[in-house]
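A short worksheet on the structure shown next.
We just call them A, B, C, D, E, F, G and H in the order they show up, numbering each chain from 1.
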Amino acid sequence: MKPLVRILLGSKSDMKIGDGIKEYLDKLKVPYDFHISSAHRKPENTVNLAKDAKDEGIKVIIAVAGMAAHLPGVVAAHTTLPVIGVPVKGPTLTGEDALYSIVQMPTGVPVASVAINGGKNAAILACQIIGASDKKYSDLLAEYKKELAET
Amino acid sequence: MKPLVRILLGSKSDMKIGDGIKEYLDKLKVPYDFHISSAHRKPENTVNLAKDAKDEGIKVIIAVAGMAAHLPGVVAAHTTLPVIGVPVKGPTLTGEDALYSIVQMPTGVPVASVAINGGKNAAILACQIIGASDKKYSDLLAEYKKELAET
Amino acid sequence: MKPLVRILLGSKSDMKIGDGIKEYLDKLKVPYDFHISSAHRKPENTVNLAKDAKDEGIKVIIAVAGMAAHLPGVVAAHTTLPVIGVPVKGPTLTGEDALYSIVQMPTGVPVASVAINGGKNAAILACQIIGASDKKYSDLLAEYKKELAET
Amino acid sequence: MKPLVRILLGSKSDMKIGDGIKEYLDKLKVPYDFHISSAHRKPENTVNLAKDAKDEGIKVIIAVAGMAAHLPGVVAAHTTLPVIGVPVKGPTLTGEDALYSIVQMPTGVPVASVAINGGKNAAILACQIIGASDKKYSDLLAEYKKELAET
Amino acid sequence: MKPLVRILLGSKSDMKIGDGIKEYLDKLKVPYDFHISSAHRKPENTVNLAKDAKDEGIKVIIAVAGMAAHLPGVVAAHTTLPVIGVPVKGPTLTGEDALYSIVQMPTGVPVASVAINGGKNAAILACQIIGASDKKYSDLLAEYKKELAET
Amino acid sequence: MKPLVRILLGSKSDMKIGDGIKEYLDKLKVPYDFHISSAHRKPENTVNLAKDAKDEGIKVIIAVAGMAAHLPGVVAAHTTLPVIGVPVKGPTLTGEDALYSIVQMPTGVPVASVAINGGKNAAILACQIIGASDKKYSDLLAEYKKELAET
Amino acid sequence: MKPLVRILLGSKSDMKIGDGIKEYLDKLKVPYDFHISSAHRKPENTVNLAKDAKDEGIKVIIAVAGMAAHLPGVVAAHTTLPVIGVPVKGPTLTGEDALYSIVQMPTGVPVASVAINGGKNAAILACQIIGASDKKYSDLLAEYKKELAET
Amino acid sequence: MKPLVRILLGSKSDMKIGDGIKEYLDKLKVPYDFHISSAHRKPENTVNLAKDAKDEGIKVIIAVAGMAAHLPGVVAAHTTLPVIGVPVKGPTLTGEDALYSIVQMPTGVPVASVAINGGKNAAILACQIIGASDKKYSDLLAEYKKELAET
């Protein structure tokens, strides 16, 4: 099936968060592709992954990054698709550096931030965005919501 | 036209943020409805506005709140639609109270946070979410993006 | 004996804090009941536990939650009983997210916050609230206070 | 009528917060007395106001203080009554100094903190504590809650 | 030799900090006495240790406390001697709660704060205070300063 | 004279900071050019200004931005020249959002951060960088340092 | 009378804090001298003022500084006298930058920090330090403490 | 080869950060010397290392320090060379104390701050500063940048 969500990781060290995203997209049956591409170390590649997403049928981009977490904002600058940012706690501060770098975007270029290390919620939010216009996914979400209440 | 976005304000004192949201939804031609309904002072009303949204054709909910900003989370608990939270700076702290209360949601119930006082970006993000499945809005966004680069 | 205090946990992962509350309510001989019920994952159940508390003879509700800790506020929205909130330190920030989400309530719907991870003090405070109108508990507290000074 | 609530202000400069407390206790018909007594500048007087409160029929103490806001904790050390602390924003930091000084009490001596500058909620919480054992006040609170939903 | 410094610990759990103070007072040959006495759990005892210090020949009081660290401020309220506060990092926040509770004292009742967990520096500062009027200790400090530069 | 420093502003609203940079580069006789180019709203233009700088004889780039201040990092991703970032205090938080977004860069792509709103120091630092290999500018700096000591 | 306290200001812009120090030293009859000398702009002069203080009969140094407030630490590095640091709130952050720069000194070189903008308390603390070995000043402090309780 | 970079460590405990700097300067073939010299414990030595650097052919100084991290600022006060500061996370706070002490320098005496614990980036930045006027190093950086994109 063609991917509807594009996952971008700023660094291989954020793989654990990436795995949480995949786990929940799998659970909700949302097809995705997955790339590691730093906004700072591989900027051209990152920009292309952002620019091409829409024409490739992607509906939401999830970008994961820690510290001065520019990845989601850089991606958002190059697409009109909704971009979800996942701030990652780094080795020194408590994650507020990544959170501020992701959430405090200037007017005109929004990023949708979820919780620090909140990869799983990014997956659910991506499914909600797709589900807003696709009954298949909103039904899957309704089922998941019931399941959630029962655990 | 039937509203596609529902705006919820936690308090009349956040009206200025609400006006920014309306201004940008108008600019992007996204139809919306608008309610003031506190999560704490009018909980039943708030829950109903969340629960009924999907059946009324709403595709995204924007919830605006300051201090212990529970409104977006409470709304998210009662819908499978994507919920955008706008944290508002209050009279004492610098807005991090509202930001944390909105963005730090537990696994299973995401809220998409934008910047503190970032109502305009919430409007654009809502349009992006709708535009992900509706060419009309993604075209409007593409135009807006060009305009943005020219200012 | 009929419970006078209702303990609500937002998540099973906060069980250690819950155990501290029970330990101190036991020590002060205050009868209680205990529920795990997330404000976001099981909102109806949570609301009912709040709404019914007063008629069931409960005098104080203790609500424990981490991250965007909405549980105490959601409970307070549905009862006129005093609600004590216990913020829990989560895996990323240092607990200030939960503290702000609990303590920064808007005018009209107070929550009484104790220290981060301060479950034991929530139990003592609950006993003080009951003891304000019931000599049996205020005597038990007076004894405890002496004991405290001797350790 | 004999006072049921004792209000203590750490400094005359917090009078505006004190007025908010009075306004809401008046609205809820809770009788109170009122004192300005710094924990640091008039320690003996403060300790006596705490120690004597219970025998004078007081059921709740509200203590208001800014900066290194020790007043609520010092009061709590000398009584078994529930003590509500109101942190006040000072001229430099954003109020988190007073909040931490009030809420982070050690095990054994709880203080119930409300929001920064949250005097009105301290009044409502005091009424809830009294109302937990006195139908007159819980009825007044039920009325107030309705009124709140209607504004 | 009669003690010149009084060390007060708010809790046995701060013993490691207390040991650092003793080590450095020993190194600088400053005689001291040592007490564990919580401001909240043993307030009378604490007040007496503060009040009597001057007449017993004490010249500086060092007070060590974590969380809502009121001990140094409570001591300062009952003496005209200089009081050094040592904020201790607790189990949740990063120590800024204790720091603010110690350093943000209101006009009229100063506390001299050293670094978080900075017990050793409290000992040196105490020696500097005594050495300001006693050549024996200022000579010992001059020697220590040389030693420091050589390590 | 050909410019040695390139100044980039993320937004016209940061003009006051930009003026401080110009004032100090003028004072130190460092030739510069000046552009307003948002990393998010005009990404291609911004990238080109970064990429072309070296070949145009620029030796240092100063990038000024507030909130999620990505501009300096985006510039640094596209050049091997030293990039100085100036974080700007925005309307809600106290400037720590911009500071973290600028200073917390990942290994491989450094940005040199100066103080929040510290445009003047960015100018001096740029001159120091040029002066490290150009006696003319290091002499001008030596003079400025004397002048500074005399004010 | 020969000065017993040396006041150092890092910048003319902190004059208001300097005036508060003078006012309180005058009130307590403590003789002082006063200098404006930046640790960064006039380092030699600052070092000399620190080094010579002891031989000139000074017993305490008060150093006032904002932002990266190095002045008190630099002074403490060059004297064995007790050094009191007064952190000053600057134009961007809320004063925590100056507080951390003053209070977080490494082992071996303590600085006694008072509250942000707490110049008056620095004066009182200086008097307490002198009064620890000089009855005249401890008597003046005892009087002041009474006066304080009466206001 | 004569050193072009001088590395200064405030304390032996920061050796791990120092090793990261050396590793990257070696990788980029930049010759350096290395000193441990505290700004507070060995102030004269530190000042001399700063003052003499320029005449010894040094082009950039990297200064590493934690807590009240004055070392970079003290060095900057005594040279017109560019000074890079590396804030180090200490045992209590999360590194923001060192960051603020380094980055918040007053006008006239800039320090270039990199990320908390960002020693490797300090090395790259030093190479960029030298490379701005020396093709050999800018070529090495161009190669490194390619390598970075390939990892």
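Operating definition for what follows: a residue touches a chain if its C-beta (ideal position, glycine included) is under 8 Å from a C-beta of that chain, and two chains touch if they have at least 3 such contacts.
Every value quoted in this text rests on a predicted model; they were computed, and no experiment measured them.
Least step count on the touch graph, subunit D to subunit G: 1. The minimum number of touch steps separating subunit B from subunit E is 2. At the interface between subunit F and subunit G, two copies of one sequence, fewer than half of the residue numbers in use appear on both sides, so the contact is built from largely different positions. Subunit C and subunit H have Cα centroids lying 50 Å from one another. The distance from the centre of subunit B to the centre of subunit D, with each centre set as the mean of the Cα atoms, comes to 36 Å.
As a whole-number value, the distance joining the C-alpha centres of subunit C and subunit D reads 19 Å. Multi-chain contact residues, meaning those touching two or more other chains, occur in subunit H at positions 41, 67-68, 93-94, 96, 103-106, 108-109, 111, 115-116, 148. The list of touching chain pairs reads A-B, A-C, A-F, A-H, B-C, B-D, B-F, C-D, C-E, D-E, D-G, E-G, E-H, F-G, F-H, G-H. Subunit F makes touch with subunit G in their complex at residues 89, 94-96, 115-117, 148-149, 151. Touching subunit D in their complex are the following residues of subunit C: 54, 59-60, 80-82, 84, 99, 103-116, 118, 120-122, 124-125, 128-134, 138, 141-142, 144-145, 148. Against subunit E, the residues of subunit H that register as touching in their complex are 41-42, 45, 67-68, 91-94.
Taken in their complex, subunit H has these residues touching subunit G: 10-11, 38-41, 43, 47, 66-68, 70, 73-74, 76-78, 90, 93, 96-98, 100-106, 108-109, 111.
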